[in-house]
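Shared chain: chain A. Partners: chain B in the first complex, chain C in the second.
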Partner chain A sequence: MVILMKQGVLAPDYLVDIQRNPELVNLKYSPKGVVVGASVTHRELEQWSGIKQRYVALATALRKVGNIRIRSVGTIGGNLAYGEPQCNLPTVLAALDSTAVISNGSEERVVPVLHFTKDIFDTELKPGELLKEIRIPEMPPRSDCEFIKFCSRTAEEKPAATVACWIQLEEEGLMCKAARLVVGAVGSRLFDCNTAAKHLLNTQLDDESELREVGEKAKNEIDPIDDLYGTTSYKREVCGELIVRAIIEAKERLIRKVVDHD
Partner chain B sequence: MFTEIPRLEGVGKVTGSLRYTSDLEVTGMVHGKILRSPHPHAKIVSIDKSEASSLPGVLAVITAADTNRNKFGFMQEIADKQILCENKVRFVGDEVAAVAATTIEIAEEALNCIKVDYEVLPPVLDVNEAQKPDAPRMHDKGNVALSGQFGRGSILEGMREADDFLEADYETQRQAHVCFEPRCCIAEWDATGNLIMTTTTQTPHTLRQEISRMLDLPISKVRVVYPPMGGGFGNRLVTSMLEPIAALLALRCGRPVKITNTREEEFATARTRYPFKVHVKSGYKSDGTITALDITVVSDNGAYNDKGPAVMGATRLILNHYSVPCINVNWKLVYTNQQPCTGFRGFGLPQMQFALESHLDELAEKLHKDPIEIRMKNSAEEADRKCIKTVVDASGFMKKRGKEGRSSDIILRGIGIATSVSSGSGTRIYGHNSSGAMVKISEDGTVTLITAAVDLGTGAETVLAQIVAETLGIPLEFVHVAGRDTNITSFDLGALGSRTTFVHGWAAKAAAEDAKKGVLAAASKLLDCDTKELEIHRGIISSRTNDGKRTSFEKAARYSTTRLNTAILGKGMYVDDKAVSMSLASGDMGETTRIIFREGEFAAAVGHCAAVAEVEVDKSTGRITVPRYWAAVDCGRVLNPLGARGQTIGSIAQGIGYALFEEITLRDGQVINPTFVDYKIASMNDMPEINVAFIEHDDPRGPYGGVGLAELSIEPVAAAVANAICDATGIRFRRLPISPERVLFALKGSSGDQSLK
Partner chain C sequence: MTEWTELELVVNGKCHRALVQPHWTLVKVLREVLGYTGTKEVCGMGVCGACTVLVDGKPISSCIELATRTTGRTIETVEGLASGGSLHPLQKAFLEKGGFQCGFCTPGVLMSAKALLNENESPSLDEIKEYMGGSQCRCTGYLQIIEAIIHASKSMGKHRSALTADAGFKGDSP
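Up next, the complex of A and B:
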C-alpha cells in the first residue's frame, strides 16, 4: 500500500494502523495446520521453527521475498492484499491448499488462496473487508512441496515466473496419489494446472519424458502477459521447464524423507 | 606512499555524515519543480499559469516567456535547446515550465495547475525512420544532426590487399548512469547580483561558462560550488536544465531555490549512454591480419545535442589500439523524439569495442584460428599484447576454450576474451587539457592542496593527497584537500576522460615541489646549511652530509611563517600543449553539421586492458551468469591499489549490466522502466569472482609513473561476455543486452530475428 501511495495510485484520506490488533498477529499451530494472522511479518513466519521442518517450500518462498529489512516490516496479509502477481507467497500457499479468511468485523468468509487475487492489484477483498488470517493445512502424510522463483536476468528482480509443485505418494510404494501444480507471476493471477497435474497420478514420477509431457500440457493452462520480465512465449517456455524441475525436486526430497521414515 | 590507502572521505561516507548537495539547506530556501512534456513531439499552443501562480505558497512560476530564449548547446555552435520550451516540445520530459514554492508538495500541486495546450505532432522514434525524406522535422534543420569521419590509410587499398571479407552489424542500447545521488542544485543570488550555484557537477568551470551563456551573465558573476557528489559517470558533464531553471526561479522570487530530480526524472530525463548501430566490414588476409576496417556508426542523438561529438571522438582511440593500416569510421548522430544522451564511462568505446571485439572473434571463427592469435596479430602495441598474455595465462583460457565435457545436461559453459584502450590523461579534442594547483603549508606544518580536481567518488582527492605527501616527504595525515569552488580553483575542464590523476596529479606534484622549496629554505636557515644537502623523509628534514642536522617539517614551517614572516605557498601547472579542439567543418554543410577532429594523438597517455569472462548458460531457461572474470590492466604505476581495484571492479559491474540486463526501454517515446524496480543494475549476487592483475611499470608520461584508469575496464566486458556466450552456445549475439529470452529461443532454433541476434 505504501508503494501505491508513493506512486500516487492511492491517495487515502485516512490511514488506520491495525498492527496491534491481537487477532491479527496470531501464529498458531495445531494438528489441523498453521494459522497465520494477517499482521504476522515475513520474518516472524520465516523464523518460526515449524516452517523449516514442515513447509520447506514456504520457507524458501519467504526467504526470497525482498531482503531482510523488507521482511521484518512487511506482513503476510499486507503482501496478499496488495494483489501483485509477482509475489512469492500466493503461489506456494495455493499449492499447499491454503485458505484466506476474510472478515467484515461481524462475519467471516473463507476463500481459497488460489482464487484470492482476481487480477493485477484486484483481490477478493470488498470495501469494508479485512484479510484476517491465512490457514495452511497440515501437510498430508507422504507429501512434499517445492517452490521455484525464477528471475530471468539478475539475482534481485521481480520473477518472470513462480512455480509450486505439491505431490503426495500412496500409503505404500512410490506411486503418486495426488498433485497440485500452481504457476504465478506470469500473468494477472495464479494458474492451477490441474489438467497437467492429473497426468502425474498413478505414475512413479521417474520417467523424464513423461514429466516433460506434463510440463508441455501445463503451458496450455497458463495465460502469461508481456512485460519487462518476459514475453508470453518466453514465460510459457520457461514454465514448462520449471514445472519439470519442481516436480523432480519435490519427488526427490519426498523419497529421501519417506525412505528415512520407512 | 603509493600503497593501499583507504579513501580520505571514507569514514564520512560509511557513517552517513558526509554532506552531499542533496543534504544541504540554505536559509530561506524554497523548492523548485519542473513541468515536463508528456508528449514526445508537440507544438505548444498556449500556457496558462494563472491558477498555479495564485496557489498559496507558490512564489514563482516561469515559462519560456520569462527567459531570454537563448538556445544552449554544450558546443554553442550546435545549440538547439532552450531552457524552457517555447514553441515545441521534443521528448517526453522536455522542460516546459517551472515553479518555486515553500514546500515540494505545493510545488507539485502547482505543476498540476499549469494548463498547457499542446498540438500533438507525429513523433520520430527511430533513427531509420528519422532519416526518411518525409520524416517529421524536429528542429529547423534535418534530422541528421551531426556527422563526421576519421581514420587512416586508404580503405580502397586496404580492401584490395585483402584475401577475403567479413561484414556484420552490431547494436548497443541506452544505459542509465544510475548515480546514487540524483541531480540536484541550489541557486542563490547575493545582494550584488552574483549567482552562487551549489550543484552536482563534474565540470564546475565549464558549467560556469554554460550558465553565463544561458543567462547572459558575465562569468565573473557566476560562482559554482560543488560539494561531494554521489556518482557522476559522465552524467554531470553538461548542465541539465535544473541549474538555469533554479537560477531563474531564485531571481524571480528573491529566495534560494533547490531543485532535485526524482528518481523517475533521473531515469527518464537525465540522459543516457548513446546507443550505437555499428556496421563493420573487415578485409583480411588468410593468416588473420586485418588489412582494412570500414566502420559506420549511426547513433540516436535523442531530442537535443549533447556530448555526441566527443563520444565519437573517443572512438578514435581504436587507431591506437589496432595495428590495422587502413581504418575508416563514418559516424552520424540522428535526432529522435526521445530522451537525449550524454557521455558515460568509456564514452563511445564500450559501444565500439562490443562491435570490434565481437567481430575479431567472428573472424577467428571463420578462419578456424583461435581468438588470441587474431588479437596478437592485430594489436598495435606491446602493452596490449602483454595484457592479452597476462589474462590468458591467469584464466587458463586455452585449456578451457572449446573443450569437451565442460558443459552438463543443464548448463552450457563458455569462455571469451576482449581487449580495449582508454585515455588515461584526458582527451585533447576540447583544445584544452591543462590545470593548475596550489599547495599551502600552514604554520603548524599541515598541508592543504587546493585543486580543481572533482572527486565524484573516484578517490581522486585521496590519490592527489598521496602525490603531495610523496613529493613533500611527509605522512599522508598532514595533507588536506580543498577546492570545490570556482572562485578559488584554477580553470579546468573537470572530471572526464580519466584525466584527474594525470592532469591534477602533475599539477599537484608541481605545486608541492614549489612549496617544498619554501620549506627547505626555512630548514636550511634553521639548520645553517645548504638547501641542496637537505631531504625530507616521513616528515623529518635531515642533511645528507651531516647526520646531526635534522629538524621536523612542522618546525620548518613554523619557523618560516612566524620567524621569517614568509608564508609557504607553492603553485604548479600541467599544460598539454598538444590539445587541439574539434571544430565544425567550414563551408556550406547543408542540413547536417560536420565535426572535424584534428590529426594528432588523441590523448597524452593511454591505458590498456584485456579481459576474460567465463559464462554459464542454462539451456532450458536461457539464463546467463558470469561466475568468473579476469582483467589485466596497464595504467602504468598503480598509485593506490585499493582505489585502482575499486575503479576496475566498479567498471566491470557496469559492464556486466551493459552486457546482460541494463536497458532504458522506450515505448512510443516514453521511458517505461524509470525506477529501480524495473531498471536493474548488478547487485552483489550478480557479480563474478573477479581477478585483477595490474601490469605495473613506470609510465614516464604520468605523475610518479601512473595514468588514469577510471573508464578502461568497462569497455571490454560486453564483448568478453558475448564471446563467451558464443563459445558456450555456438550462437553469436550482436545486440545488447543479451537477454535469456533471445538465448533460449536461439538455442531452440526458433528465433525470428536472425540478423541481430
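Up next, the complex of A and C:
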C-alpha cells in the first residue's frame, strides 16, 4: 500500500492503523485447529512451533513470501485482504480447507479461503467489513499437504504458478481416501481442481502415468491469463507438472510419517 | 492544505521530536529530518534491503514503512552499531573479511545481520543465506558478507565450530 502511495496511485484522506488491535493478534491452537488473527505477521506465524510441526506446507509457503523484512511487517490478514492472485498463502490455506472470518463490528460471517478472492484485487470484503481471523482446521489423521511455488523469472519476483496438494490415506494401508488440489497465481483467483483430485481416490498414488493423467485433467480446471510471468499455455503446462510433483512429495512425506508412527 | 504532525521517535536510544507529513516514510524522516544518513534508499520498494533498520529488534524496509507507525517503538540504525568509540563486532568483521566495496548496501546488510545474530547466535550457512537473502549487493558476490557474519558470530564467542566444515564453503582463511 505504501508503494502505491509513493507512486501516486493511492492518496487516501485518512489511514487507520489497526495492526495493534489486540483482537486481531490472536494466534492460538485448539483441538479444532489454529486460529490466526488477521494482524499476525508472516514471521510470527512462520516461527510459531505449532505451524512448523503440524503444517509443513504452510511453513514452506510462509518462508517463501518476499524477504525477512516483508515477513516481519506484512500480516496474514493483509496478505489475503489485498486480493492479489500471486500471493502464496491463499493457495495452501485453501488446500488445508481454511476459512476466513469477516466482521462488520457486530456480526461475523465465515467464507472459505478458496472463495475469498473473487477477482484481481477484489475479495469478499464489503465496505464496513474487516477480515478478523483465519481458521485452519486440525490436520486429519494420516494426511499431509505439499506446496510448490514456481517463479518463471527470478526468485524475487511473483510466481507464475502456485500449487498445493492435500491428501489423506485410509485408516490402514496406503490407499488415498481424500484429496484436494488447488492452483493459484496463474489467473485472477484460486482454482479448485476437484474433478482431477477425484481420480486420486482409491489409488495408492504410486503409478506415475496415472498421476500425469491427473495433472492433465487439472489443466482443464484452471483459467490462466497471459502476463509477464507466462502465457496461458505455458502456465497450463507448468501446472500439470507441478501438480504431479506436489502429489508425489506429499505422498512420500506422508508415507514416512505413517511408517514412523506405525 | 499540507498536514503536519509531530512525532516522537526513539533512534539508537535517543529521543527525537520531528515535524513530519503523515505520508512520509521512515527512511525519509531518518535521513532528511533527523540526519541519520547512514540508511540508504535504493529501490524504494522494500526489495533490495539497503534501507533496512531495526524496529523493536525486527528488520524492516524503512522505505515502505510510514514514520507515523514507528512512534513508541525502538528504532536502530547503522549509526547505533559502534559504541563508546569502538566498532561493533559485525563492523570489524566486515572490515577484516572484505564484506563491502562501494558500501551502499552495507548499512542495510549490517542491520539485517545484527537482527540475525540477535535472533540466532550461531546460524548455520543455510540459515544465514535464508535470512540475508533479502539483501542485495552488486559488488561483493555475497561470499565475503557470509564470511563476515560467521566471523562476527565467532568473535562474539557463540558460533559452532562445525560451520567451517560445511561442504563447498571455505570458511575462515588460515
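Everything that follows uses one rule, which is that the second predicted complex is superposed on the first by the 256 of 262 C-alpha atoms of A that agree within 3 Å, B and C clash if a C-alpha of one lies under 4 Å from a C-alpha of the other, contacts with A are read in each partner's own complex, and residues count from 1 in each chain.
Methods note: a residue touches a chain if its C-beta (ideal position, glycine included) is under 8 Å from a C-beta of that chain, and two chains touch if they have at least 3 such contacts.
This structure is a prediction, so every number in the text was calculated from the model and none was measured.
By the touch criterion defined above, A:Glu156 reaches both chain B and chain C. After overlaying the two complexes on the shared chain, residue contacts for A:Leu15 are found with chain C alone; chain B is out of touch.
Once the two complexes are laid over each other on the shared chain, residue contacts for A:Val2 go to chain C alone; chain B is not touched.
By the touch criterion stated above, A:Thr231 is placed in contact with chain B alone, chain C being left untouched.
Residue contacts after overlaying the shared chain place A:Glu172 against neither chain B nor chain C. In the superposition on chain A, contact of A:Asp260 is made with neither chain B nor chain C. Of the two partner chains placed by the overlay, neither chain B nor chain C lies in contact with A:Glu107.
Where the contact sets of chain A with chain B and with chain C meet, they give residues 156. Here chain A touches chain B in the complex through residues 150, 152-158, 228, 230-231, 233-234, 237-238, 241-242, going by the rule given at the top. If you check the complex, the residues on chain B that touch chain A are 620-623, 660-661, 665, 672-673, 677-678, 680, 682-683, 685-686, 739-741, 744-745, 748. Residue ranges on chain C touching chain A, taken from their complex, read 22-23, 25, 44-47, 49, 52, 58-61, 64-66, 68-69, 112, 115, 130-131, 133-135. Residues of chain A touching chain C in their complex: 2-3, 5-6, 15, 17, 19, 43, 63, 66-70, 72-73, 156.
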